[in-house]
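Heads up, there are several structures right after this.
Shared chain: chain A. Partners: chain B in the first complex, chain C in the second.
Then we have the complex of A and B:
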């Protein structure tokens, strides 16, 4: 079995290499490799995952180790319930994205490198979830950053794409330093890099409260960067110029999901360090409200979804921060399903309309019937409508925060209360922005055709090809039925007490959802069936300004200073050397007799001088 | 067997250099001979690496003959896990360099000894010198080979350098020579003082039995460090490097960056660490200079406007990690240093080859004039992006392990060193990693990406691509040629292999370090 896991990691990389080398040889090679490999990958993921869900003993295996100084770095895998669930999520979404891309990227000359990068992305995520060695995990972790960089800048002709890609890479890589130092600190402390061993030791106790605050906070820093939480939340929305299927992959199953996974993977470390949990809780409270507010006002369909991802990730962190492991992980899985659905559906809308601006959409219900049905399910899940999966997991999250606020002991009660208030408020905001986007895309009257020739020449919006529709319908299945897992979590996590269903709270939340929806709908009617509220552009997040003034500008200034400094030093040196050479040249002219013997003499004397020096010295 | 292999490894390039010189009038043949010689040398070094058993000092594993009786200088050669990776990297890089030269060979055939053939001869001489320096176990012998490698380089830069700017290339060549020769002279004085203290030039004996202490020993260590710091180079003695690297011909830049810098870093590991006590303030000072170099070079790169100068400066930063590793005085630090040295050789070699290919096509390396290479020469640009990713330390590629392990070693440094200082140094070095990412991304953005499309967008809206893409290819300019792939492929492949399986290199280095420098933690 362990070799199957290794194969599962290696397969996407092999497929990427094939795509790059023979992908240009024609349609069949180009598309067959990418889709075929991801189908096999999905199959292998099923083979690995199913035996390890529920009450299974985790699989651990070490393939190779370096007998290096310090703790050994090992190529080792560890498959437990968490890994199994993440493997299913990642490979399902990756497969559907590859299938979807057949239609979406048809005719794109850069398809081979695109497909290859998706494969590497999948492989990197697989590596992260199966890795039992911190360094191996870091490899996958940063490879994902690289893939998202290249995929965001897929359309490198666009200034926004170039800028967004650089921003994504630099922000996440800076945060990754946290993980690097966490690894080093843990290695020094535990004399091993094996995650299962370290977490086992921590879980066994013997560590004082907050004794391990440093590595826990360092991991948190990395997680904040990867999952785009405050104050590094701005890269994700700016990553939207990438092709839409990529957004589905990044937002649902890889990259940002990896942040939540890492917290879940190192959960014992967090439980031992309430300082990190408190930080996480506060960051999550702030992030979920800020990003939901942005989602509420932005006019760009993909940005609505991007901000909603940031906000939903904060939900997961909120759950984890109060110790509700199952709720956090289940919300991650549920979100993976419905956010992939939403992004792919959004892609289908963009494919049809040719823009991501919601004011250019409207009336698409008749024109894109399949997209309408599936995206409605997706938005419903996002808003938490009964009985879609989002309703159950969101209820589980809010419920566990509620429990923690009343009688939790991991974080201070006031922190839990703040978090609780944020989650409820965000739930309301989520309903509002989901409904607004849904109304603006599908129900609002179609906008008058713009006068630009580019638009008027374009054909009437039409439904996407089959390769794009099938993934949409497939993704509605877990979105519709996923709630069952919340009711019976033992299927995933094995036997145990899970307090995930909170009937009273569910009723209250549902009432809130209905009230909010009515308010938005009423507002929409009043506005004459267009944007429910006045178009309002929120200012760009202020932290970006802080980074520009506080980091980018000083670095640029320093760089110029360094360059100028080096040039001046060199010039001064060159001048000095020139003068010295003229002086030396005069001396040498006196010595220059053109006589070979003289030169030889000088060499011999020099050698003797060295010999004498050595002799004297000894 | 080993002694024959050791001597043979020095003889092979020398013999082929002679052969090439003899054949110099028949250009193609001469260069082919040189290329064949470099391949033979590479094969030979692989054989040596397979045969050797990893440790120095045992009878039969080294060559040791008295060379200059009066001075007690020995012809002492040996190879262990520290030098073997560098030897292999050297022979590989020279093989690729000479193979790439072969492509240029038929281009200029006039009467008289051909220029390309002469360049090939010089390269083989440099190769012999560098290999000698890596194999030397006697301090004076190391110095001699060090010089053998330096002098021909002056000719290479001076005669074959930047064809567009003769004055600048002469100045660069002279500056290179003055700096490095002065440096090596200082180093030699340091060696003489060590001889006075330890009673031998034999570095293996020095490493095993000499405990440096006192002012004289410190002075010796400072002198050796100073000499090596010029070659490595360590900030602020780096100012010869950008000129030399950017004005040299492509193969010259490759050899300078990939191989000659390693003489300095290898010197730190083999000849400086044994004569230095970690208790001295000197060690943290060297570490601090290394870290300053990392950040300084990254900042300088951010402001460069010339591709070759940028790559040259990036070397200063990478070498900073190597020296930081050495200055931790741990086995892990030495591992990191050797790994980072080899990785830098492969990656920066590749980057300079690519810069050369770009210059062949566009006649310039001025970043203001190189645009949208993704569109014009997609494959070449793709390989360049790969090399850039490797150089900025992407995990899974060779550049990652050496630098990250150097940071790890700095956090977990030798007991005698100041803990807090090193932790701060580790942190600053890590910031250097970010700055390195920043300048490579900026480079990709200005040189590879870009395009004619500037779509009008709403304030709050993203655009996803709908416009026409830049047409692939450009009339008159060929994308990557077959012969170029031959040059790049081994470097690309090894970058991948070492990135995926760092243990291949880390394990032998650790074993060798533990037996060479007894007492390291």
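Then we have the complex of A and C:
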């Protein structure tokens, strides 16, 4: 079985290499490799995952280890319930994204590298998920950063795509330093880099409260960067110029999910360090409100979804921060399903309309019936409408925070209360922005500007091809039925006591959802079926301005200084040496007049002088 | 040795001739006269050689032999030099030695290098005209 895991890790990389090798030589072969390899990967993921869901002993295996000085670095895998669930999520979404890209990226000249990078992305996420060694995990972690950089800048001729890619790369890389230092600190402390061993030792106790605060906080820093939490939350919305399937992949299954996964993987470390949990809780409460507010007012469909991802990730961190492991992980899985659905549906809308601006959309219900149905399900899940998966997991998260606020002991009660207030407020905001986006895309009357070019047949919005529709419908299945897992979490996590369903809170939250929805709908009707409220222009988060003043400008200034120093100081030395030599040469050259008689005169006078000197000396 | 010619007479003569030759080489502008200066210097040396040969009563007459060599070489030299002078006159139209300055090392001025390098190079390539 362990070799299957290794194969599962190696397969996407092999497929990427093959894909790049084939390149433009065969369009069909290229597509076959991309989809076929991800289908095989999905199959292998099922083979690996199913025996390890529920009551199963985790699989741990060491393939190789270094014998250098210090703790050994091991190529080792560890598959437990969390890994199994993440493998299923990552490979399902990756497969659907590859299928979807057949239609979405049809005719794109950069399809080979695109497909290869998706494969590498999937492989990197698999590596992160199955790795049992911190360094191996770091390799996958950084590979994901690299792939997201390349994929966000897929349309590198667009300025904002390049800028978004650089921003994502710089922000996540800066935060990744936290993980690097955490690995070193943990390695020194435990004399091993094996995650399962370290976590086992921590879980066995023997460590004082907050004794391991340093590695926990360092991991938190890395996670904040990777999962786009405050104050590094701005890179994710700016990554939107990338192709929409990539956004689905990044937001649902890989990149940002890896942050939540890392917290879940190192959960014993967090439980032993309430300082880190408190930090995480406060960061999450701030992030979810800020990002939900941005989602409420932005006019760009993809940015709405991006901000909603940030806010939903904050939900997961909130749940994990109060010790509700199952609720956090289940919300991660549920969010993976419905956010992939939402992004792929948004891709279908963008494919049809040709822009991501919501004011250019409207009235797409008749034109895009399949997209309408599936995206409605997705938005419903995001808003937490009753039978959909988002309702159950969100209820589990809010309920866990409620429990922690009343009689929790991990974090101070006031932290849990702040978190609880944030989660409830964010739930209301989520309903509002989901409903607004849904109304503006599908129900609002088509904008007059778009109606005029509709005379020409090419501009008429049309439903996506079959390869794009099928993944949408496939993703509605977990979105519709995923709630069953919350009711019966033993299927995933094995036997145990899970307090995930909170009927009282669920009723209150449903009433809140209905009330908010009615208020938004009423506001929408009152504004004449257009945008329910004026898009309040919030172009850039205020944090970005702080970064601009505090980081970007000093770095630019430093760069200019260094360039000036190079040009005006170092180059001056080189130029000065050259000029001095030339000047000296010029002086000496004055003797070379070309007049033979002058030369002879010098010879004669010199000979006489030598003769006289010799005479005087002797 | 008492009745023989004193050594300093030919030595003074050689000195005077050599000095005249040096003067001619350094000062005269006409190439032919410069060559005549060279001849004067060579023959001053010859007088020295012969004088010392006689003074030391050399049995193998090394000095006189060397003088003969010098005469031969001087003849060859003057033949070659006059040919050169002839060529110079054909190409330049004059044989003024101090006006033949094409071999002067005259590059661009060092202060503002680069900008007008090409112009300077073009100028340097042009043959110098007689002044």
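Here is the rule we go by: the second predicted complex is superposed on the first by the 551 of 618 C-alpha atoms of A that agree within 3 Å, B and C clash if a C-alpha of one lies under 4 Å from a C-alpha of the other, contacts with A are read in each partner's own complex, and residues count from 1 in each chain.
Just so it is clear, a contact is a pair of C-beta atoms (placed from the backbone, for glycine too) under 8 Å apart; a residue touches a chain by one contact, two chains touch by 3 or more.
On a predicted model such as this, the values are computed, not experimentally measured, just so you know.
Asker: Contacts for A:73 in the overlay, against chain B (first) and chain C (second): which applies, first, second, both or neither?
Answerer: first
Asker: More chain A residues touched by chain B or by chain C?
Answerer: B
Asker: In the overlay, answer first, second, both or neither for which of chain B and chain C A:159 touches.
Answerer: first
Asker: Quick one: classify A:374 as touching chain B (first), chain C (second), both or neither.
Answerer: neither
Asker: Show me the chain A residues, by the header's touch rule, that chain B contacts in one structure and chain C contacts in the other.
Answerer: none
Asker: Note which residues of chain A are touching chain C in the complex, please.
Answerer: Touching chain C: residues 579, 582-583, 585-586, 589, 592-598, 600-601, 604 of chain A.
Asker: For the complex, which residues does chain B have touching chain A?
Answerer: 70-72, 171, 175, 178, 188, 192-193, 195-196, 199, 236, 239, 242-243, 296, 299-304, 330-332, 335, 374, 382, 385, 389, 394-396, 400, 404, 407-408, 411-412, 426-427, 430-431, 433-435, 437-438, 441-442, 445, 448-455, 457-467, 469-470, 472, 501-503, 506-507, 510-511, 513
Asker: Residues of chain A touching chain B in their complex?
Answerer: My answer: residues 64-70, 73, 109-110, 113, 135, 138-143, 146, 149-150, 153-162, 165-166, 169-170, 173-174, 177, 180-181, 184-185, 187-188, 240-244, 298-300, 302-303, 350, 354-357, 537-538, 555-556, 558-563, 566, 569-570, 573-574, 577, 610-611, 613-614, 617-618.
Asker: What part of chain C is in contact with chain A in the complex they form?
Answerer: Residues 22, 25-27, 34, 97-98, 100-107, 109-110, 113, 128.
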